[in-house]
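Here come two complexes built around chain A, the first alongside chain B, the second alongside chain C.
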Partner chain A sequence: MNASAAYGIEQLNVYAGLAQIPVPALFAGRGLDPQRLDNLRMRNRSVGLPFEDPVTNAVNAARPIIDRLTPEERDAIELLITSTESGLDLSKSVASYVHEYLGLSRNCRMFEVKQACYGATGALQLAVGYLASGVAPGAKALVIATDVALVDARAGYAEPATGHGAVALLVGADPGVLAVDLGAYGTYGYETLDSARPTPEFDIADVDRSLFAYLDCLSNSFRDYTCRVADVDFVRTFPYLALHTPFVGLVRAAHRKMMREAGRSTGAVEADFHRRVWPSLVYPAQVGNLCSGSVYLALASLLDQATPAESTRVGLYSYGSGCASEFFSGVVDAESTRRVAAMGIGAHLARRRAVDFDTYTRLLEETRHVLRPEADRRVDIDPYADFLQPQRPLLVHTGTKQFHRRYEWC
Partner chain B sequence: MRTTDDPVLARVLDVIRANALEIVPDADPQAVVPHSSLADIGANSIDRADIVAMTMEQLGIVVPVAEFAQVRDIGTLAELLRRHLP
Partner chain C sequence: MTAPNPDRAQLVGLVRAVVGEILPGVPRTEITEDRHPRELGADSVDRVEIVLTLIERLNLDRPMSDFNDLPNLGALVDLIASDVAKGSPA
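Up next, the complex of A and B:
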């Protein structure tokens, strides 16, 4: 192994569906207290369509990355890991379908991981460590966080904050998006039932316990990071932060707590938040929680909004209910800004069609059963064809036959 | 609940009250009493997490998240924190 080699994220792309609902309209439709909009700080949230599922979201996020690779580079992807809390089968992984529709090499190792909103970070760290070990020279890995929303009125204030979509990360030795600081990480986790998906159609969300565990794990994973890395200061070491964003208001509280623990005065908090954290929250406020992709949606937002031109360290925090967490870091620069801008993520988000509350509830009747196992099912694309974007080919889910899921390119 | 019987519990309640009023400045100080919940005084979910975290920090204790399941109001929160004091 070359001791000076860098590893990390080579390319990053986000797919956040084709539809969105303005969060104030969702509040009004559900009769939620509009005063609490200020706490949530969400503008829109992505909404799934009946022909979308964890496979289509994953493939539609990764395809623009794959399309930019030469055949040799594509075949260098020797590891595919999908991270999802929207599994389609207790045995067969989402990765197996994704591998097929992305046309990856048959010599690619593939599997799926699950740890709520933390899964993709665990996968990224193992992929980076694996590549850095030098056992597979020249290899790349593809880590895809992909999920769908099942929440309805029962979820209360979690419904307007839950997103839909996927984030694809190409990992390798040309880490032009994020050069991961090898060995600089802190982890913290323990068993708790703060949120969970005990059936394919129902989410448990204990809001107080979940927020508390998120904040508790942030302090403790950061403390673990400081035990592994010398001379770390929460403010000075990280000119930017990208945190898992269940909703924007929680990240604000998390930042306030960390500033307090870092011994900073209350007066310094607001300006620091706007300088170091706000750029990472612009996309999450337009998409909602993307589960284990959320922290990478925040990273994309940071790069597109702050457009760093020089080498700059970013602190990242990933939290998954249940619970597992990690604080880690990496370096971004002008190349990161250029590569993420080339994906056109902001334009993709802007192209999503706005739906009104009645359309949203009609869609929800169909989409909240997307994970329910059914031997045979046909999904009619035509009523929703207007949502498809002609800019590029998109994979759609057309049904199941003997439990085998069917897909087509549109 | 008679807080005067237990000076340590009274101190915990004082710390909770001070933090609640700092995080929710609009709350009526008279309403921050043991049989009220933090939600009753206008604390949203983030405020509640903040108030509890600040209180534990100031008391120098760490309470496992799972134990908060038994908390119903400010009084039961104070009793839980009280049990973790040396």
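Up next, the complex of A and C:
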């Protein structure tokens, strides 16, 4: 291993679907108490269309990154890991389809991981460690967090906070987006049933158990980080934070908890939150929870909103139900700002078409079975084809034939 | 702040006061031991805040997950009373 080399995220892109519903409209349609918008702090949430699934989301997130690579650079991707809690088959991975439609090398190692909303961070850390080990000089890795939403009215206030989409991370030795601090991490996990997807068609959640576990794990993974890294202070060490964001209000509570545990006065909390955390919450408040991609959506938001011009350390926290968590860190700078801005993530989010509540509930019915294995199925693109215009070429799911999922570029 | 070694009645008063702070619209007479914060209109962030505030004010060394399955405010008082009885600095 070259001790002076840096490894981390070379490129980051977000695909958050083609449709969104304003959260106040969803509240009104469901008869939810509008006073709770204050704590939820969500503006919009992405909504899936019938021709979108975990494969199309992943490919549509990664393709702009792949398109910027030379053929040699693309073939240097020797590792593809998809992270999803929206699996399509008990054996065949999402990665196998993604590998095909991104045109990656047949010498690329590929597989899928599952650990709820933590999976992509585990994959990123293993990819960084693998590349830093020096066993594959010049290699790159592609980590893609991809999911779809299944929640409906039964999920109560979780429904307006659940997102749809994917985040793609190109990982390598030119970490212009985030240079991961090698060896600087803290982990914490234990068995609990706070939320889960026991069948391909619905989610379960114990809200208090999940929120309390998120907060316990943040404190404990940060404590583990401080055991591995000298002279760490929650405020001074990290000028910015990007946290897994199930909904914005929880991140606000998490920040308050950590500030209390760091011995900061109550009066200092609000200004610190707006300075160090708020930039990371702008996109999550427009998308909803992207599962294991959530913390990287927060990182993209941070870079696009705060536009750091100097070399700056970011503290990142990933939590996945079940549960597993990690607090880790990396360094961003003006190049990070430039690379993420070039992806046009904010413009992509703004281009999503708003749907009304009636359309939203119709879409829920039409997309409810997207993960259910069916031998033969045809997906009719025409009713929603106008959502594809004038977007860049996008992969769409057209159906299944003998359980083989079919896709086309539109 | 609470007395150095609050008895159960004082802890009931503290819990009612904290719930009242987090839910200012709820009449204090409705904040009784047989109620769950959810029944009083507390959303998930409010419930987090109630537990966090009690942990902070009583300086409890206890994970939040211990508060998962409490059926009502009386059970919450019993849980924190057991800490105080064991000598947690209060």
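Brief remarks follow.
Keep this in mind: the second predicted complex is superposed on the first by the 408 of 410 C-alpha atoms of A that agree within 3 Å, B and C clash if a C-alpha of one lies under 4 Å from a C-alpha of the other, contacts with A are read in each partner's own complex, and residues count from 1 in each chain.
The working rule: a residue touches a chain if its C-beta (ideal position, glycine included) is under 8 Å from a C-beta of that chain, and two chains touch if they have at least 3 such contacts.
Just so it is clear, the model here is predicted, and its values are computed rather than measured.
Once the two complexes are overlaid on the shared chain, A:Lys114 sits clear of chain B and of chain C alike. Once both structures are placed on chain A, chain A residues 36, 39, 157, 192, 207-209, 211-213, 215-216, 249-250, 252-253, 256-257, 260 are touched by chain B and, in the other complex, by chain C. Chain contact summary for the complex, chain A toward chain B: residues 36, 39, 157, 190, 192, 194, 207-209, 211-213, 215-216, 249-250, 252-253, 256-257, 260-261.
Listed in rising order, the residues of chain B touching chain A in the complex are 44-46, 48-50, 52-54, 57, 64-66, 68-69.
Against chain C, in their complex, chain A makes its touches with residues 36, 39-40, 157, 192, 206-209, 211-213, 215-216, 249-250, 252-253, 256-257, 260. Listed in rising order, the residues of chain C touching chain A in the complex are 43-49, 51-52, 56, 63-65, 67-68.
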